[in-house]
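We call the chains A, B, C and D, going by the order they appear; numbering starts again at 1 in every chain.
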């Protein structure tokens, strides 16, 4: 449940308001140069404090606590932790409301009320911080492959409106993976699309994914959709399939887009059910949150894509 | 790679033009009444021969070869096979072309030319037939849960055009799951969305998936998106989230949409690279294929959703 | 439960008196020459009909039903089946007794009476036949590694006595693996000993395993036990550790011994509880069985060792 | 590799001389009362400092860093860490020798020299400390089941001799599991013996395991070996099979014995190969070590047995 991957395998732990959050990374080959400094640029990209971001500020300092010796990976598990420091250690009292759009109600039902609700507990976006660290290591395993994700600019009008009105906005993150050789992916069930989507949907707030022109393709004719091969290395004239045929990379750019719903926390008044009075009431939610967490997500999307691709590339060595 | 699931686990084998295709289903509880007849209605729904479908006709007769005794499951693996009969056992000669839009080139590169290319081999849509059989068994494990998938009608104009011109069409399949209790899903990595998307992207031709109003949600404000709880059993006024918060069912209908690209095989002339002459040329592809395989896919989408949900419901018993 | 392995992965199905038994082998690299003939010598070694063996004679003809094209593996799952033909299709009536020493009672309790009891069902020694076939394929993946198992001769006096008196005998099988390079094994949990023992204990009748002089080592002093390295390729003067240190091969011969209890079926009168009369009574069990199934087991032990080693060697390529 | 279990799943990290060692425990049901104090009695049983034990003294203070809220498990991963404090942070210089009987040479070959050799790195017996903590949690999940392991006294003469002469001794640990219901175990591959042996062989120093009278059984006749059922709840007159038939518990006591080789570190002079001079030489190894680490192992054996049984009991709920 909290472990993902086949050979390059990650195990996540922690809660938003717990002592620390962290990740154990297994299956990283021995001999790769690695230090905490290698993790800082991507952590910085994810960090809070920018435009439309939460005012919770954490140092986000990674501590590698195992698996490194004399500056290199050892082949043993790499454990990376981040201490939680800047949170309010309130004593939570259920006041009759589950926050609209959050996991609160579903988690309450799943865990019979024993889940840690503070700051979203295990469902907090903060859990993506160790994933970014793991993504850095994945990228180091496959240094020739380039991961490049960015927010689609069209959401920015909504972001401005959201900031002005105490509301929130969604967004779309496009990720392009370059220099991935043809032949990567493990059908039938571990296609590139299956594994990438599995990983991406673990990011809080993701509700849709498309590969290439996946959404538009459903309205196309085959003669419009099919990508014509134009050279002996498999390059195609168009890339409607997003670089993937039959679940396997075809040597072109991998392209996928991730759709984030708006941040569920908003300052605006909302209606929801009060389980104490047993009626729908207006509530206002206070606290620190991003007006659009999709803005911080490109590096997270890259991280999860890199974790999947590193795993698949390690597996592909088996057949060689 | 060809096994999927945690407790309710399926293992797929076979190729389009091999002796047979089949599936081994492990983890099905003992004592469930089961016979081949139980599989026939869903197999019939998937069958070829209808409007816009391939002219390859197979009996599609399921043979349960293990795991049943005196009309009930035994707890041992259930093996179901389908013989391949109506195929042309040609001796394949590579004529310089990989079929546009197909897995041929990517598979050739992955398997160094050793993959079975006949009829698409392991990448054939025929591989979904054993999945439909496994889906029937999954549905029998959780009989109170209703799976209902259908094609969105808007693709039909394209289908008509495709049939008339030797082209093909894509389509969108919407699946609704009713009566799923709140609390199903296993975060962090095995969220409902992660597992359903993982399974659905194994279906040949799928290029996008959205849960609830996932695609539209990226352009919404939080005040528009958040679903307000209106009753003590967690029912919400809207269902933008598709019945899933934080990767866990919230007790409302699960809704997701699967986007299929057009069938890659078309009769129309296409351009592609000739690896013998090393230049782009026009080709025509002959053979039997669906003008729109999305039309046959609703029952396949249901099957994979049922396989995921049965697995998760079995796992949920552990916590009770 | 019925799937084993990480990359080279096997899935077993079938029952003693079902239509067929078989195995799906996933993760075998593409391009390995393979036909049914390659499986015959090891199948012959396992076959019934010899001294102290059951009079049930089956053809044991393997049918490869997927995963081979033009005489080579394709990278897709290899399915191998064996039809059950020579069995008595009786209608089983529980007569109050569970056979002593068999899985009958435990299986009845586990499966609430729904398990298939005919001929031992899924617990039959017949299930080792597909394992032997899978072992042949494993051996082909790693042709330079030699697997050599044999029965320890000391049990033969017991076998003679057992045949003369309608009794049965146990036995010890020693397996030696030669030419395995140093560095194979995946600690912490997937040590060579962990994986080999996991696989070996799936063979019906195994109750103990030792690596090297494992049993004697518990009574040794360290100065007697430690194996002194005597050359730059890691060869040791003694091999008390059976070629494994810290769960990893050290380049010497791997040596382990498997302890089989006597065949539970005997013709001699035995006492056991009658669940109809609710008292202990004398019973006589009729049927066909081996006086000492350990005699047929060396090739089974080799097969499971080869399955484990092939998987680990494939995994070891990742680090290279 | 460093993750074990199906539903109740543990992931281990750390090295003997690293900052800390720890374990992430996934799949523990929500709502179980748990604090660090619950872990102390078993940690104390394992602790160094007693007769024949290493002089390295660590506080062995467990820190639960996630997964607990208001004194109960939350259903999220439980992370437990132990800081390493009392070790000598030497700068390791390879002096030509790999310590005889240790994992040093095999690990060097596996990890191409990148493994952390200090104090045995990941191969240290210290790694069993987090396993004992995880075992405590497993025991809390299944409180009615009793785990009782003890050292067989016959090794004590060797221990005395070892202490007197700077040598070391092996030993045998017998473990008895009481109150385990019939029907636990998941054949074909996840039999009780397969899973217990898999787990037990991860303990450093284990070289053999037997269930019931497994070793002796190989020299028995069936009429001697078979355990006669004597009551309607499946109790047997003898327990040669150690409470397991067909890989499934039969309702009697589970009995197994674990064989530990002598501690490889001894003060006595030993011969081994010097990779600098390329010849066999005498060496003396200094450092702190147990004269017989088997003495500290009963609680470790219990922990791993409890981890396996808790996992299987959780899985057994699925069929109910």
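Following the convention adopted for this analysis, a contact is a pair of C-beta atoms (placed from the backbone, for glycine too) under 8 Å apart; a residue touches a chain by one contact, two chains touch by 3 or more.
The shown structure was predicted, so the numbers you read here are calculated from the model rather than taken from an experiment.
Colleague: Just going by residue numbers, which of C-D, A-C or B-C has an interface where over half the contact pairs are the same as at A-D?
Modeller: B-C
Colleague: I want to compare two interfaces, A-B and B-D. Which one has more contacting C-beta pairs?
Modeller: Of A-B and B-D, more C-beta pairs in contact link A-B.
Colleague: Counting only Cα atoms for the centres, state how far chain B is from chain D in Å.
Modeller: The separation of the two C-alpha centroids amounts to 44 Å.
Colleague: Per the centroid of Cα atoms for each chain, what is the distance between chain A and chain B, given in Å?
Modeller: The computed centroid separation for chain A versus chain B comes out at 25 Å.
Colleague: Which residues does chain B have that touch at least 2 chains other than itself?
Modeller: Chain B, residues with two or more chain partners: 1-3, 12, 27, 30, 75, 110-112, 122, 319.
Colleague: Where on chain C is chain A touching in the complex?
Modeller: Within the complex, chain C contacts chain A at residues 6-7, 27, 29-30, 75, 314-315, 317-320.
Colleague: Going by the contact rule set out above, which residues of chain A touch chain D in the complex?
Modeller: 1-3, 9, 11-15, 18-22, 24, 26-27, 30-31, 63, 65-67, 69, 72-79, 110-112, 114-116, 118, 121-122
Colleague: What does chain B use to touch chain A in their complex?
Modeller: Touching chain A from chain B are residues 1-4, 12, 98, 100-107, 109-112, 122-123, 127, 154-155, 158, 161-162, 167-172, 181-191, 193-195, 197-199, 201-202, 204, 206-215, 217-232, 234, 237, 240-242, 244-251, 259-266, 268, 270-273, 275, 278, 280, 294, 319.
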